[in-house]
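Input: structures, listed below.
Same chain, two partners: chain A is paired with chain B first, then with chain C.
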Partner chain A sequence: MTIKRRTFLAGSAAAAIASQFPIRLASAQDNVIRFSMPQDFTRVYTFVTAEYSQGQRDYLTLINERGGINGHRFVADVSDHGNDLPRAIEAYERAKSEGAVLVDPLSTPVARALVPRALEDKINMITAFSGRSDAADGSVFPYVLPLSPNYWTQAGLLIDYFRQVDGDLSGKKICFVHIDTPFGKEPLPILEKLAESQGFELLAFPYTPPGNDQSAIWPQVRRARPDWIMFWGAGVGQTVALTEAIRNGLPMDRLSSSVWLSESDMEVVGAAQAAGVMKVEPCVSGREPRLIQDILAEVVGAGKGAGPEDKVGTSYYNYGVMLASLMVEGVRVAFEKAPDGPVTGEWLNAGLRAITGFDAEGLIPPTTITPEDHQGGGQARIGRWDGEKFVAETDWFSANQDVVWEEIRKYSAEFKETGQ
Partner chain B sequence: MDMLLIAELSINGVFVGLMYALVAAGIVLIYKTSGIANLAQGALAMMGGYAAWAFATLAGLPIWLWLPAALVAMFFAGALLERLALRRMVGQPIIMVIMLTLGIEIMLRGILPGFFGSSVKRLDIGIPTTPLFVGELFLNRATLIGGAVSLATILLAILFFNSRLGIIMRAVSDDQTASWSVGIKVERAIALAWGLSAVMATIAGVLWGATQGVDWSLSLLLIKALAIAILGGLDSLPGVVIAGIIVGLAESLATGIVDPIVGGGTRDVVASVIIVLTLILRPHGLFGREHIERV
Partner chain C sequence: MFYRRAGIRHTRYQDERQIWPLPFDRGLVIAVFLLALAAPFFLDRLYLVGYMLPWIIWSTAALGLNFLMGGAGQIHLGYGAVIAIGAYGSVHMVRSGIPFEIAMIGGGLLSASVGIVFGAAALRVKGLYLAMATLAMQYIVDFVIVHFPTISGGTQATIQVPRVSFLGLAVVGDAPTYYVALFVCIVVTLFMLNVKRTSLGRALAAVREKDYAAAIIGVNTFRYKLLAFWVSSFIGGVVGSVLAVCYYRAISPDQFHLELSIQLVAMVIVGGLGSVLGSFFGAALILFAPILLNQAIGFMAGGMGVAISTDLRSHVPLMLYGAMIIGFLLWEPLGLAKIYSNIRNYFLVWPFRHARQ
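Showing the complex of A and B:
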């Protein structure tokens, strides 16, 4: 078979037109703001993604049902990248071609890999509780937005809480049991600095990922006779850590973790046995917050919920609502600044970086995002498991931000210089 | 050096090693009968854990019902796997059969969490979580009971291989053609081995599920099980007991002694080093039969 020149040219023209189709399709959909949410539903982040995504989608449905923002409705493109970089990059490129102005991958390796693309394409990448901690420095990472306390801040908050309870940490012993991955080791520099400045002894116990057998770790922790214990992992690593702590007879009211502890974990461990354990709460958990009540009434009640009703109000569900509400607030502020758009990544970026004192009707601490601070002030509170639910042990507070920002600036300067 | 800590780690390591050995025993069981190294044994343990959780939680059965139900269901699942997938591979190169078991491992690891939900599931077999101290020595009840049950199960398997049915399976392992010629139903013997192996995997899945919860990570037991099966000898059930104790001890002591020195988790490195060293220095393992090819 031979191809005539005319056929070849016609075919090429058709292909060229077809390749433009998704972009034209996206721009043809008037009054739609597209958020891309390729997340890990099947591999590493399985412990959180389903509930987090459900919370996000339910909140966006709530806003859409109320008419959207400024007549614009939200489209959440949810897909599974399985924590796999090629799949995540493919999803990102698809989102870009479809006109997405924001992407939320909820995965540290994926977020790290996408940083250069997001910066170049000017697409806002949300990296809540994941990604680079130094992305809090908005002057270096203008399009990477954690919008939440990073791991350095979380470690700083816990240490400050210990100080508040004990009065002084001098001479105390703090054990840090962590998964032996970059994520698990991330708080170490902050903890080492605080140990030096506050005079406590820091003992680190790394365990092999994913942490399904920690039986040789916790006897060592027990024998160290610590004053406080922090355990730092995710998924099965957290439930095993907590179970082993109980089996070793360690006091639950001296045991604490990051944001990665949920009601589901407590069910696995045994809700009553885990009573007393603490976590960092970036938002209120449970169904009491006004927004969760609204979702129950207007979304779930109307049969439009994105998942099981019993998951509404869990910690990770509320994290999803928290982040979705911040994204939508960014859109609202963007409309305030430029009512006629056009709706682009740059346009949304201006809104996200001008969120001021937003508390999502009491769900989150008053959050202010600035072009310099993408963390939002680094506020959270300490929640304690009472056997049935997490209850607030403190009010919203931030702590040790001087040490945290020293670290943020150190690494962001390194990125600025080397691109790494 | 804190000798009490070393003693705790050693005792704990022995019992954890025995729990690993139960998964390895399933690999040995299939290898002894059909000459195949089953790389899906970790996924079968995970499947057993999910089956037990489903009968316990979704069906709401009491433990005296859900445990036998899970064991019976998994026996048939194992036998069915052999009938539908493995038997079709008769006559194919052995590497293709091993690749098939690897494919089954990957498939089960994807399908089961997708079907049951990917969060960790609670599996309660009634082991108290209150600490157990003998003098100043701490003993982990979960690993103590898990190790004891594992050892008992492996001993039962050794006894089984000395029964009439076991001797038939050993004959099949030695020479399938000769077994056929004397009227042994070779396919049935191999299917039985797969069924029993799935039962052992289920017991392991339940014990580990009670220790860590049920989720995809149960399938990671394969790596430890392989290290133990290779060290003990792929065709030696007593070998897996000894190898299990060695691997468990080595891992536990490495965590207590080497980790603080190198500042990292070395637990999994131990299993990898054991696999590599055994294959280089003694390919048939400590107690395995050395195969001599006559040319």
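Showing the complex of A and C:
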């Protein structure tokens, strides 16, 4: 066998050129709206993402099965970025080259890193319960859409709920147990301001990330004899916090988390022991809402569900449905505004920022997104774990938004000044 | 046959001491260099921004770490922190109005001055103990960045990188950022290729093999160990500024955690300790294997109708990735660079089987 150098070189050159033709699957069809969902299934968010993504995909399947919106169907590109930035940026760039109009990374580090790109490329980035809190200011972050109450609002809601129950918070003691990361420390400025104006004493207890050992912190919390306790973490830190709170005999009905608490956490902690603990609920949990019933009948019942049936209706599943329904509502409004498209990031942006009074058939509080307010009014309710499920303690409400928006504007102004 | 070694006789010392004595190797390097230079013109944007850019930046970082680990034999588990110091230092300098060229060097100097402090531990401890000391550096630097809002940028803990220019070229868009990163990568690569032939490289090699023995033959181990940390940290700092300006464009503390350090150590080890080429191979494998495996599994799940659950779909790539690294290290413990060199040795004398090296 003889290989001439010329043949060898020509062959390798041909191979090199051939590798340049990107394999594009049948994605270029008309009447498809592409959502890119690179999320973290394996590193930090794990089961949170699995349930969230299941909800999103089931809802999109429901809409597709009903014929889509205006004859357009949705394609959800789900991939794993493992909370790793080079992987996430690759996924984002891939989404951009495939013509995605929306990206939902569900990860704070990734969302923060993608902000400059999304603003520049005019691709809508959904940062529900993640990313920069000041992205609520739509005038500075036109293409970054939290579409959900940010952590400052959640802290403000909890303080207001405590006030509603006790009547007056002056002289009370509130403990804030948090993971010692930027995410965990985020609510502190809001809490400090509220402590000053409402006269309660704020005690902050940071624990070291990732929070799988908090045994040194919780006895101190007990010793402080707090009137209310908030614990602020994510993933494994939440179950450890709850276990430690139970072990230290703290009153469960005076203990609350942010939105990051779910049925799956309760299974780990022990559903009966944790009865009484509260959380912020951005949407209804459980299977009662109309949309969840529809999904059960038309998607899961038809064998098209994206995951295990017993996860349907869990908190994070419903968060997924909530966000997917807001995205689809954005598409519907965009079609109302410009029925002929073209389907681009800018086109969808106009729709998303004009969502008015949308309540997803009772799943979420009536939400209005405006070009200024990307948070959607900052409404949620307080849910209490009764040993089997989360039961609503309050109706949808919004509180302390003046303090929250002061903070939002402070940071967005700073971003505006130095970001370009 | 391919390399055409027959008849090459070096008659001058300069020829003998060339980095690439064979014309074929020189041609290959020139071809790769030209391809890298022309990449923005023929490569799809996705591959330029999503693959080439991170590859050259991470390779540069791996080279900096390889100088320390492969060149001087000192382990470093806190290289992510070194990069963080450079990134934060240079971004803060740029934000206060200092030109990027100077801020890049400034970031490098800042990293070098902090890195040398922790490197001083290497004067007293070795091996695993040094690993612990450098690991401490990682955690201390992380802690300092997170707990000083003036460094990390307030409750949002994200700092935007302003638009900068490099030697008159505005670093905006895909091609300019790529060229800046490529420029730094080439400078560091040339340094690494040449350093082995200098007295510094030989002194470090002596320290690496046995520091007592090096001291006995007159190498000042105190000086050279610190110098190794200084140079390596300087490169890390410069890479940090490139990473921040050209790739991330917004920096936050979680970009520089222990994961980055471990990733870089893995690149150096999988690529080949002390090998320049290995740093590039290692960076490519560690960065892209998870992405490509994920896409392959995703393609199988989506396009070919293999029904697997989302959980499995996202975890199978991780298992394959782990198996791959173990496989490479079992097959060739000296790293990917050694695999390349084996192939090259085979083709050096092809179609014959054996020849002197």
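Rule of thumb we're sticking to: the second predicted complex is superposed on the first by the 390 of 420 C-alpha atoms of A that agree within 3 Å, B and C clash if a C-alpha of one lies under 4 Å from a C-alpha of the other, contacts with A are read in each partner's own complex, and residues count from 1 in each chain.
Assume contacts are C-beta pairs under 8 Å (C-beta built on N, C-alpha and C of every residue); 3 or more make two chains touch, one makes a residue touch a chain.
No experiment lies behind these values; they were computed from the predicted model shown.
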Inset, instruction - Tell me which partner A:Val280 touches in the superposition: chain B (first), chain C (second), both or neither. - result: neither
Inset, instruction - Considering only touches as defined above, state whether A:Asp134 meets chain B (first), chain C (second), both or neither. - result: second
Legend entry - Touched partner set for A:Gly307, first chain B, second chain C, both or neither: second
Inset, instruction - In the overlay, answer first, second, both or neither for which of chain B and chain C A:Ile246 touches. - result: first
Inset, instruction - Report for A:Val101: first if it touches chain B alone, second if chain C alone, otherwise both or neither. - result: neither
Inset, instruction - Go through the superposed model and pick first if A:Phe41 touches only chain B, second if only chain C, both, or neither. - result: both
Legend entry - Touched partner set for A:Asp265, first chain B, second chain C, both or neither: first
Legend entry - Touched chain A residues, chain B compared with chain C: C
Legend entry - Residues of chain A contacting chain B in one complex and chain C in the other: 41-42, 50, 180
Inset, instruction - Show which residues of chain C lie in contact with chain A when the two form their complex. - result: 1-2, 42-47, 49-51, 54, 58, 95, 146, 152, 154-163, 247-250, 252-255, 259, 287, 290-291, 294-295, 298, 303, 309-311, 313-315, 317-318
Inset, instruction - Show which residues of chain A lie in contact with chain B when the two form their complex. - result: 41-42, 46-47, 49-50, 180, 204-210, 212-213, 215-217, 219-220, 222-223, 235-236, 239-240, 243-244, 246-249, 264-265, 267-270, 273
Legend entry - Complex contact set, residues of chain B against chain A: 2, 4-5, 8-9, 12-13, 16, 110, 113-114, 117-122, 124, 129-131, 138, 140-143, 208, 211-213, 215-218, 220, 251-252, 255-256, 259, 263-268
Inset, instruction - Name, in rising order, each residue of chain A that touches chain C in their complex. - result: 5, 8, 20, 22, 25, 41-42, 50, 53-54, 78-80, 82, 84-87, 89-90, 93-94, 96-97, 108-109, 112-113, 115-117, 132-134, 180-182, 185-186, 188-189, 306-307, 407, 411, 414-415, 418-420
